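Take a look at the structures listed below.
In the two complexes below, chain A is the common chain; its partner is chain B in one and chain C in the other.
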Partner chain A sequence: MNNAVEIRGLRKEYKGFTLRDVSFTLPRGFIMGLIGPNGAGKTTVIKLILNLIRRNAGDIKVFGLDAIKREAEIKARIGFVHETPRFIEDATLKDIKSAIAPFYAKWDEKLFGSLIEEFSLPLDKKFKKLSHGMKMKFQIALALSHDADLLLMDEPTSGLDPVFRRELLERLSGLIQNEQKAVLFSTHITSDLERTADYITLINDGEIVFSLPKDVIKEKWGIVKGARELLAEKSRSLFKGIRETDFGFEALIDDIPAARKNFDSGVVIERASIEDIMIFMDKGGDRA
Partner chain B sequence: MKVIISNSSSDPIYEQINRQIKAQIISGDLAEGEALPSIRKLAQELQISVITTKRAYDELEREGFINTVSGKGTYVAVQNQELLKEKKMKIVEEKLAEAVSEAKMMGIGLDYLEDMLRLLFKEDQ
Partner chain C sequence: MRNLILKDLVLHKKFLAVISLLWIAYMGFFGSRIHSARTFFLFSMVMSSMIPFMIFTREEKSKALAVTCSLPVSRRQIVLARYVLCWLLTLAIEVLMTGAVLLFPGSKQESSDLLKPNMFIFALAMMTAILSILMPLLIRFGMAAIFVVLIGAQVLGIIVLSFRLFLKNIFVAVKSVVAFLSAGAGDPGRLMLFLIVICLVNLASIKCSELLFRRKDV
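Entry: the complex of A and B
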């Protein structure tokens, strides 16, 4: 089985929010970033993969195994990092580690020790005494210490300084030197994805906008800028999102060559950053 | 092997890698049979996506510059000397074509261009 995660037609209904028809595939040996504005449904997808909440419809396979039927087996092979680290507040880090390690057959005490040292974590301190960043680092150390085949991380970089974020990203690309492993992480810090992510899945208002190799996005998605007189009705259909001002317009497109043909001159076409795409897609309301 | 990635360049990253490795093979800085880093290693070192490095290697392989031995690694291909010469000629041709189109754009005629080339050629000797 060459896919780490395979999701088909996933649906989850909440009061006032529905995650609908979510499908994407993460092959082994790659890193995928899950992006989207707050409340888009990123955490819901991650919770569904871990079977922490019940789904209304759809299929999830992790390492080719059904996420519900083989839950225990799958979880032993996942390193999970939660958005807000939660452990017993009064326990020391050492106690928490001792309680968690026995659950994992492949627990690597030596690796854990070196991560603790590298992250400068105080093992004798109580969990509640740590800053958010330290709690996150502790959680990451735990997730990395049992030779997980899939790292599933919900906003792991929030609250971390740029130096540690970069280190974490380096560690992730180190992890997939082993082609059997994969990483799926959600983030709204798009610069984390510009470099190392292989795939990017954008989710907005409960729906997948796209799930594509990052290179395809970087090559084809762009921003067209020009005077408003150039805005013909037919060109509007090319736009994924548009911002108009008194002085001109800026629009998101997903096919730079087609846009070049459509607007022969007088416009500027630039490559779109992941952040541009996220911002324009979020303003989907004024889409043409 | 040297690879420098520019994030501000309008050229896609895979093309930057492709071009730089190719130049090193043609110049002989990368010798025949020399091992290249794996796509994953290169991606990690350059802090870029695996898909990007894979694409660069795939194109180099298609163009006959490198060979991948599955399970072993990637190596600089044995270059056919005739072919290598042809490739080098092609680079010269491309650069000249570029100069010609620039010249045309600025309204510089063939005579003047010839003079320029002659001058440059002698200067270099």
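Entry: the complex of A and C
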């Protein structure tokens, strides 16, 4: 089985929010970034994979195994990092480690020790005494210490300083080199994705906008800029999002070659960054 | 399951040590001042069974249940581990409380009364009743449910006492069941029947908790 995660038709209903028909695949040996605005459903997707919340419909397979039927077996191969680190507040890091480590057959005490040292974490300190960044580092150390085949990380870089963030992303890139492991992480920080992700899944208002290799996005997605007079009804159908001002328009497209054919030399077409795409897909642009 | 139990013991070890010592000392004193073994077991069982509940509440307060559910265990295993931990802790603390009562200077309790088989049956019945009712509620709704039940039980108690004449037949039935069990404490047949009932009630409670926990979003 070459896929680390396969999700088909996933649905979760809350009051006032529904995650609708979410489908994507993360192959082994790759890093996928899950992006989207606040409340888009990123954490819900990660919680559903971990079976922390009940789905209303759909299938989740991890390493080809059903995420509910083979729950314990699958979770033994998952390293998780939650958005908000939560452990018993007045337990020391040492006690938390002692409580967590026996669950994992592949727990590597030596690696944990070196990560703790590298991250400058005080093992005798109570969890509640740590800053958010330190708590996150501790979670990351736990997730990395049992040779997990899949890392599921919900906003792992939030609260981390830029130096550590860069080091973490490099470490994640190093992990997948043997092509057996995979990483799925959600983030708001688009520069993290530009640097690390192989696949990008954009989720907005509970729906997947796209789930594509980053190279395809870089190659095909762009921003068209031009005067308003150049806008024609037929060209609007090419746009994923558009922003119009008195001076002209800016539009997001997902097929640069098609846009080049459609527009004459009066427009400028630039490659879209992930941030551009996020902004257009969220509320920065009126939908075409 | 062993790992789950050890996890809770390791993470709450200081809390457990402090609260257990306090409660054992308190019940040792309180229990030694009264004559009735049944009253002692009534209070001590309620108190000792609250200790594991406090552990689960601490986990709820820290919102650490998401971490437990992310570990390589099924929801069923989590529920089973909670029941086993409840039984182990409650029994251990109950034994220590009983010992404290007997050892407390000037104790009015007699070991011959406290260690009678019918008291053992009474204690088991109390424990089963408390755990089997409260655990499913705790697992599904958290500590808020426990408070609602405890307050509800007090209100119910007031209502029952107020209408005791109308509820006379129910009282008589309960009394006869208690008398039947007490009289048969030395009878292996009745003891076996009683233990089977205890097991069935616990199994039903575990099943109920499992179903509720499976539906819970954490």
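Rule of thumb we're sticking to: the second predicted complex is superposed on the first by the 286 of 288 C-alpha atoms of A that agree within 3 Å, B and C clash if a C-alpha of one lies under 4 Å from a C-alpha of the other, contacts with A are read in each partner's own complex, and residues count from 1 in each chain.
Here, contacts are C-beta pairs under 8 Å (C-beta built on N, C-alpha and C of every residue); 3 or more make two chains touch, one makes a residue touch a chain.
This structure is a prediction, so every number in the text was calculated from the model and none was measured.
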(request) With the two complexes overlaid on their shared chain, look at chain A and say whether chain B and chain C clash or fit. (result) fit
(request) Taking the C-alpha centre of chain A as the vertex, compute the angle to the C-alpha centres of chain B and chain C, in steps of 10 degrees. (result) 150
(message) With both complexes overlaid on chain A, does A:D95 touch chain B (first), chain C (second), both or neither?
(response) second
(message) By the touch definition at the top of the document, which applies to A:A197: first (chain B), second (chain C), both, or neither?
(response) first
(request) State whether chain B or chain C is in contact with more residues of chain A in the superposed arrangement. (result) C
(message) Contacts for A:F263 in the overlay, against chain B (first) and chain C (second): which applies, first, second, both or neither?
(response) neither
(message) Quick check for you: in the superposed arrangement, does A:F63 touch first (chain B), second (chain C), both or neither?
(response) neither
(request) Quick one: classify A:E219 as touching chain B (first), chain C (second), both or neither. (result) first
(message) For A:F87 in the superposed arrangement: first (chain B), second (chain C), both or neither?
(response) second
(request) Determine, under the contact definition given at the top, whether A:K75 touches first (chain B), second (chain C), both, or neither. (result) second
(message) Using only CA atoms and the superposition described at the top, report the least gap between chain B and chain C in Å.
(response) 29
(message) Shared contact residues on chain A, chain B side and chain C side combined as an intersection?
(response) none
(request) Report the residues of chain A in contact with chain B in the complex, numbered from low to high. (result) 29-31, 169-170, 173-174, 176-177, 179, 195-199, 213-215, 218-219, 271
(message) Per the contact definition, I'd like the list of chain B residues that touch chain A in the complex.
(response) 10, 12-14, 38, 40-41, 43-44, 47-52, 55
(request) Would you pull the chain A residues touching chain C in the complex into a rising list? (result) 47, 50-54, 71-76, 78, 80, 82, 84, 86-91, 95-96, 98-100, 102-104
(message) Touching residues of chain C toward chain A in the complex: what are they?
(response) 3, 6-7, 10-15, 58-59, 61-64, 66-67, 69-75, 77, 214-215, 217-218
